[in-house]
Structure formats: C-alpha cells, structure tokens
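Each chain carries a letter (A, B and C) given by its place in the written order, and its residues are counted from 1.
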Amino acid sequence: MTGRVSRIAWILFGTGTVLFMLLPMVLLVLFSFGGNELASFPLRGLTFDWYTALFAKSDFRVALENSTYLSVAVGATSVPVGMLAAFAFAGLKRRRAGPAIAAMAAPLMMPPLVLALALFSAYSALDISLGLSTVLPGQVVFIQPFVILVIYARMADFDRTLLDSARDLGASPFRAFVTVTLPIISPTVIGAALIAMALSLDEFIITYYTIGGGLTLPTLVWGLLRRSLDPSVNALATLILIGTVGATILAIRATRYRG
Amino acid sequence: MPQRPFVLVLFALPATLIFLLFFVGPFAYFAVMSFWSVSAYRLTPGFDLENYIDVFTEYAYPLGFTFAIALAIATVTTTLAFAFAYLARFRAGRWGPILLFVTLITMFGGYLVKIYAWRTILGSTGILNAGLLGLGLIDEPLPWLLYNPGAVVVTLVHFLLPFAVLPIYGSLRGIGDAQLAAARDLGAGPSRSLVDIVLPQCELGIVVAFMLTFFIAAGDYITPRLVGGPSTAMIGNFVESQFITALNAPQSSALAVAILAVCAGTIFVLRTGMRKALAVR
Amino acid sequence: MNAAAEDLRPGRRAPLVRLRGISKTYGNVAAVKPLDLEIDSGDFYALLGPSGCGKTTLLRMIGGFTEPTTGTVEIDGIDVTRLGPERRPTNMVFQGYGLFPHMTVRQNIAYGLKVHKVAPSEIRARVDEIIALVRLEPLADRRPDALSGGQAQRVALARALVMRPRVLLLDEPLAALDLQLRKAMQEELRRIHRSIGGTFVFVTHDQGEAMALANRIAVMDAGACVQEGGPEDIYRSPKSRFISTFIGDANVLAGRRRNNRIELEAGAAFDDEGPDEAVIVVIRPEAIALGAAASGSDTLQLAGRLAESVFLGPYVRYRILLDNGAEAIVHSSDLQGRRTLAVDEPVTLSWARDRHSVLPG
C-alpha cells in the first residue's frame, strides 16, 4: 500500500535530516571531552583537560567578560527598541506593516561580511575608534528584526478589549500598558530577549571587523582555529553551544513558541 | 496600541534611527565607494568605473563560480527545508513540534564552530573516513571529501538549513487543515494538493528562505577558506582580501555590489517565474 | 440499536447509506460504540448530540476520513469501507469551510471538477448552475477573505454540491453563524435540499437546528445512538431522561410504580402497567395548563406555588414550585393569564395523560 511506503520514506527523511542537523554539534561536544589531540575516533578516554586548558588562558577570561557584557547590552538595547517598533507596526494596517517589517529585516538578507566592512568603512571615515561600543549597534541592527517579528506576531494575537476594559475602569493609556499589556506579553518579551542575547553571543563576522583589538568568545574561536590543532577550541565551542542553546530552550519555554 | 500617527512615529523612531545610521548609511557609503579609487593607500573620491570593469574582467570567473555555487546551495537548502517543514507541519503529527524544536536549537552553536566541525568530519582523519574504513568499504582515507566545492556546499547547506526552515514553516502554518481535507475530498491526491493548494500559499516563505540562503552563501568567505581549499575561491574571499590585504576598499566594494546585484536579479527572476508557474488558471 | 427493524415504512426501498456494526476506538477510548444506522435516499439526516458524543467521528467514517475499527460502510449497495474519501460518492462541507484563500469563489467551486478532468465547458456550465442555486452570483470573482461567514459557508456548500455527490456531509455547518444568519441559512439549506432532492447528513449539537432541518434524527450520547426517528417522534416520545432533556425543555417528575400504579413524589397518582420500579414522568412545558382542568380520569393535577413568570414574546414561561419542593416549567400562550397571577400564589397544574411519557427512572 503506497501509504505504508510513503510513511517509511518520510520517517527516514525526517530522521536523516535531524541527524544531519545535529551531528556536527554532537561530535564537537564529544571531542571536547575526548582524550585525543586530534579530533578523530577512536576516543581515548574522557577528560576535562581541554576545559581546564581553556579556563587557564587569560584570553578566555577577557573574551568571556566581553561576550557577556556585549550580549547583555545587545539584549538590553534591542528589546526595548524592537518592542516599541513592534507596537508601532502593530498599530498599522497589515498591508502597511508587512513592507515596513521586511525593510527592517534587510540587514539579515545581506552577507554579514558586506555589513561588517561597510560599518568598518563608515567608522574609519568618521574617525571613530573601535571597541565594544562600536560592535553593539552593528549587532543590534541585525538582531532587532528578530525581536520586532517575535513581538509583532504576539501583538497580532493580543486581545485589545483587555485594554478597553482597563481604560473603562479608569486607567490611563500608560497605566494600562504597564499593568495590562506588559505582564501579558512578558513571556514573549523575555523570550525575545533571550534570543537576542543568544544571537549576539554567536555573532562573529560583524564583531570581528568592528571590535578593533578586542576579543569575544567567537573571535577567540577564530584565533584558536588559526593556530591550528588547538583542541581546547572544542571546549570553547561547546561552551558557546551550551550558552546559546540553553538560552534558546529557555526562550522557547517562555514563549511557548509554535512556529 | 498607539493609534495616533505621532505616537506611531515616535515608537518606531529608535529602531528606524539605528536602521538608518548603522545599516543604510554605512551601506550607502560603502556602495558609493565602489566608484572611488585608491592611490598610494589613500582613498580618492571620484567617479570611476575602473573597479567594475575589473570585476567583469579579472573577477569574472570567481563571480560566475560564486553565483553557481550559491545557487546550488540555495536550491538544495530551500528544497530540503521545504520538505522538512512540510513533514513537520502536515505529516509528523505529534512529532512536528519536536522537529521544529531541533531546527531552532541547531540555528545556534556558532557559525565558525560548525565550519570547523565539518572540517573534522570530512578530513582524512575525520569520522566519515574513519567510518568507511571501519566498515571495510575503503582501504585508505578518501582525501577528496574535504577541500573542494562539495565540502563548501555541504557545510553551508548544513548551516543555512534551520534559517530556511523557519520562514517556510511559518507560511505553512497559515494553511488550515480543513483546506487539505477539502482538497482530498474533492479528489486531489497528495502531490496534486501540494502543487495546487500548498505551494501557492507558501510562496512568501519559500522566497524569503531562498533569499536568505542565496545572499548569505554568495557572500561567504570563511567556509571556502576553511573547507574549500585553494581551488574554491568565492567572491567573498576577494571582497575580504581586497579590503584587508590590498587595502583597496573601492575594489572590494565593487565586488560586493556586483554579487549583490547578481543575487537580487536572480531573486527577481525566480519570483516572477514562481508566480507564473503557480498562478491559478 | 437496529434501525432497520424499527422503521420499516411501507414502500421503503433499500437504504442509500448503511452502517453495520460500525465503531471507532482510540487506544482504550471508544469514540463510537458498535452501532447500525440506515439513511434513505432523499433524507435530510441529523446526527445530534452533545460534544464528544461521537457524531463527528461517525460522519467522518461515512465520508472516509476516519477508518472504522470495526464494521462496514455501504453506500448505494457498494462496500466503501476500505475506500478513501476521494473514491466515495460523498462530499463534505467542513467545519471552518476550508476555502482556498488564493482562489476566487468560482475557482474554488470549480476545483473538484478540474481535478476530475471534467471538460472546461461543462465545468463552466455546472459552476454557473450551482452559483445560481446558492445565490452567489455577485460574489463569484471574490476571494475568500472578502466574504462574510454566511457567504463563505455557501461557497463551501457549492464546492461540494457541484460534484453531485450521492451523499452530502455537513460538519456543524451553521455553528459559526449568528442567530439571524443561522435561521436564514437553515431556510437556504432546506430550499437547496428540496431543489436538488439529494441526501444530506449533518452533524449538530443544536437540537433546534436538528428539528428545523432534519426529517430523521439520530440522537447520540457517549458513542452510542440512543434514539433514532423523526423529530416529532423523538420529541413526543423520548426514550430516556437524557433525550427528553436534551431535546426541548422537559419536566422530569420522579415517582414510583407499585402494583401497576404510579405515585409521583409531587403528589399525583395514576394507573400504569409495568414492573415495580422507580420511574420518571416526562411532560413538555407546553403540554401543561395552569388552573384546574375539567376532571376526568385522563387528566392529572398537581398543586404548587408560582415562583416566577417571564414574558418571552410568543409565550410566557412560568416556574412553579411544587409541594414536594421540585420545580415545574410551564409554557403558556395565554398571555392574558399572566396578569392575574402573582408570585407565591397557589396554582394548579394539569395535563392530559396522553401527553406524558413514562420512563424507567
């Protein structure tokens, strides 16, 4: 019966794709605990050596500090800015809001390299010295569309009559916003903040070109990769993975994301 | 929600400012730079098509090659993403959300890190070779798994797949189950409903996914550098080397603009083609 | 419950749809318990019951969207149990309608014919015919998002009817419409049914709708068909307490039969043959009159006090507190009478014996 065959085909396809998506990351985590110098099988024992080696590097501490600061700053910037923009778009008719959000999402469609070089050129033309503060807006400009999209989608399902009730009972628009809207959408906002922070933590290209001499975890990965065969890079990569994936899982739980 | 235009504008202002100051502005400046030239390491404004001429003469091959490989990557990724999203939305039942969850998770983990992971998987001492050796299918590790265009394709498809799945899934979610049940009731088999009912309604998601993958693949330079080997130089490599090594920003910019224009043109053709093909007669 | 033995009407031909021993179990939950059902050609048949009673599952099994766990489905003498919906001579109007948003009304309706490779000229003719039937001409080139709920419903109906199915299935067709629209659509559906003379089977939880549209109703509860028949039969002779309260309002008076005599807790008594057991006596509110009736052995009386009277337009609804503490509802179209009754005033209720049903309690 063709139904049976197609069912099996779908199951194979689904499992195959999932494995394809997960494999490299699983391997990375595995190797970070592996006893070998080279990232190959068979694994010779499990060890935390690479992690200790990593933590011992002074570079690592600096990078960790910078990455944390940056991702928190990016979250703290992109969320209020994106939230306000999402409200503005939510007030527009659907027809108008579409293109506006699409325009905001343009930075996502560009190769990040072009964005990075453009920012670098602009900074040097204006004689602005590079550092974490120049990385921040570059990251925000491509992270804010995510925040806007997530919150906009939430607002589309938001029950406006709740605000009407609040107003009817005497609340000013501002008070209604703070006491009714915010609490209700707070899971979504938290989710958006976590996604923003995860995206910032992961970001490499724009950071690399606009940070000047500084270090973040991803640029440290790059540095370690250049000096080939430093296996502590696996440990570093695993840590970044845990950070970003952990944040995403929390975000999904917070927003009860359905797609 | 703000209704008055003044409040709307006010709310949208911060995001718009950031957008203008840190995206539109720099990008416009960078694009204009493509008409400038460099003499003695100093940027000289002017109007000069020299850089573009170089693009189409000196860099014609990498441009064409990049276009071809990016097209291949975008096509493979979008098709795979569509199949996966379709599976998750319509066929997987209660496994659907789990599939989506996995997709979301794999979006992160670092771009560099994934490239590096593929380098180790495909290398001579990597697990693919180790597996084939172990199964006795080969006697010696295959050196050609790595450092060729194929490796670039596999790596980028892997990286871009989650980004492509999400917009397509978003589109598919908007298609109610009642529609597919009705199509079946009226006699349409699964492939017929796919073409008649599903594809026309997820055109937007597919185009977004394709655009995303196409642009990002076309401008990539790290992947070809790390897993593509010397024979796989993409435009991104030249954009980077011209800017950083040769300190020739105008040339770099011209190359970037060229590839972007080519991509944009292709998307336009694709979109029109899709519209025509899926139009309801 | 065997419908065939129950209603062998004179001159009845073989039924169009015959379900035998049909059931559906999910895990260890029985959505539909094994039952038999027969639907005649030309019927406007209702599957009526509260949420979760299995009516939609039953409909879907007739349509082929759900495979039965046991039993067979026969349509027009052919066993279609193993056939998918696309191979059965049925079409369904789905809940939520399932209109294709990227197609116009006309294209939506033509879709099934296109899939079946009907000639374009014939498609045009049939689509025009059906659009005229459901009165959608001015909207033919609109998209679904430009239609109101009632209009969308008619498109869904047209899309199914244009296929000329032997059986048209409707899943809660009027559920999403407001009251006025629902009444209008009920009329429309009746008109269309009369006009094409087809067989319609629909699912509803609204007993008023079932009564208004159907010529036969199957009342379902917890996966079983608890009564089947014409609307009047079910209304006048409900077979259980559930049915009597589900369909229309009902007064349910508790009592006991002993030595072939029933004594109601509320006071009245009468002769009734049967085993000694607890019983309930069901009387419709409009069957009760206020005030003492002309005495006779075929009327019964109860005493009580007026608790509340509400003017509802065509009739007044009285709530009476009976002597034993139970309540009775009386509907009276004697609008004048209301003015003479005060709250807490003693009243007498009376009804004819042939207007009540006695059921085991």
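In the analysis below, contacts are C-beta pairs under 8 Å (C-beta built on N, C-alpha and C of every residue); 3 or more make two chains touch, one makes a residue touch a chain.
Since we're looking at a predicted model, the values are computed, not measured.
Novice: Going by the touch rule set out above, what shape does the chain contact graph take here: line, ring, star, complete or other?
Specialist: Here the contact pattern is a line, an open path with two ends.
Novice: Using C-alpha centres only, name the chain that sits farthest from chain A.
Specialist: C
Novice: Based only on mean CA positions, could you tell me how far chain A sits from chain B in angstrom?
Specialist: Chain centres of chain A and chain B, defined by C-alpha means, are spaced 17 Å apart.
Novice: Taking each chain's centre as its mean C-alpha position, how far apart are chain A and chain C in Å?
Specialist: Inter-chain centre distance comes to 55 Å.
Novice: Note which residues of chain A are touching chain B in the complex, please.
Specialist: 6, 10, 13-14, 17-18, 20-25, 27-28, 31, 38-41, 80-82, 84-85, 87-92, 100, 103-104, 106-115, 117-119, 121-122, 125, 137-138, 140-142, 144, 148, 155, 160, 163, 198-199, 202, 204-205, 218, 221-222, 225, 233, 237, 240-241, 244-245, 248-249, 252, 257-259
Novice: Which chain B residues qualify as touching chain C in the complex?
Specialist: For chain B paired with chain C, touching residues are 176-189, 192, 196-197, 200-201, 280.
Novice: Could you list, by residue number, the parts of chain C that touch chain B in their complex?
Specialist: 63, 65, 84-86, 90-92, 94-103, 107, 111-112, 115-116, 156, 159-160, 163
Novice: Quick check: in the complex, which residue numbers of chain B touch chain A?
Specialist: 1-3, 7-16, 18-19, 21-23, 25-27, 29-30, 33, 80, 83-84, 87, 91-92, 95, 97, 99-114, 116-118, 120-121, 125-127, 130, 158, 161-162, 166, 169-170, 173, 190, 211-212, 215-216, 218-222, 226, 236, 239-240, 243, 249, 252-253, 256, 259-260
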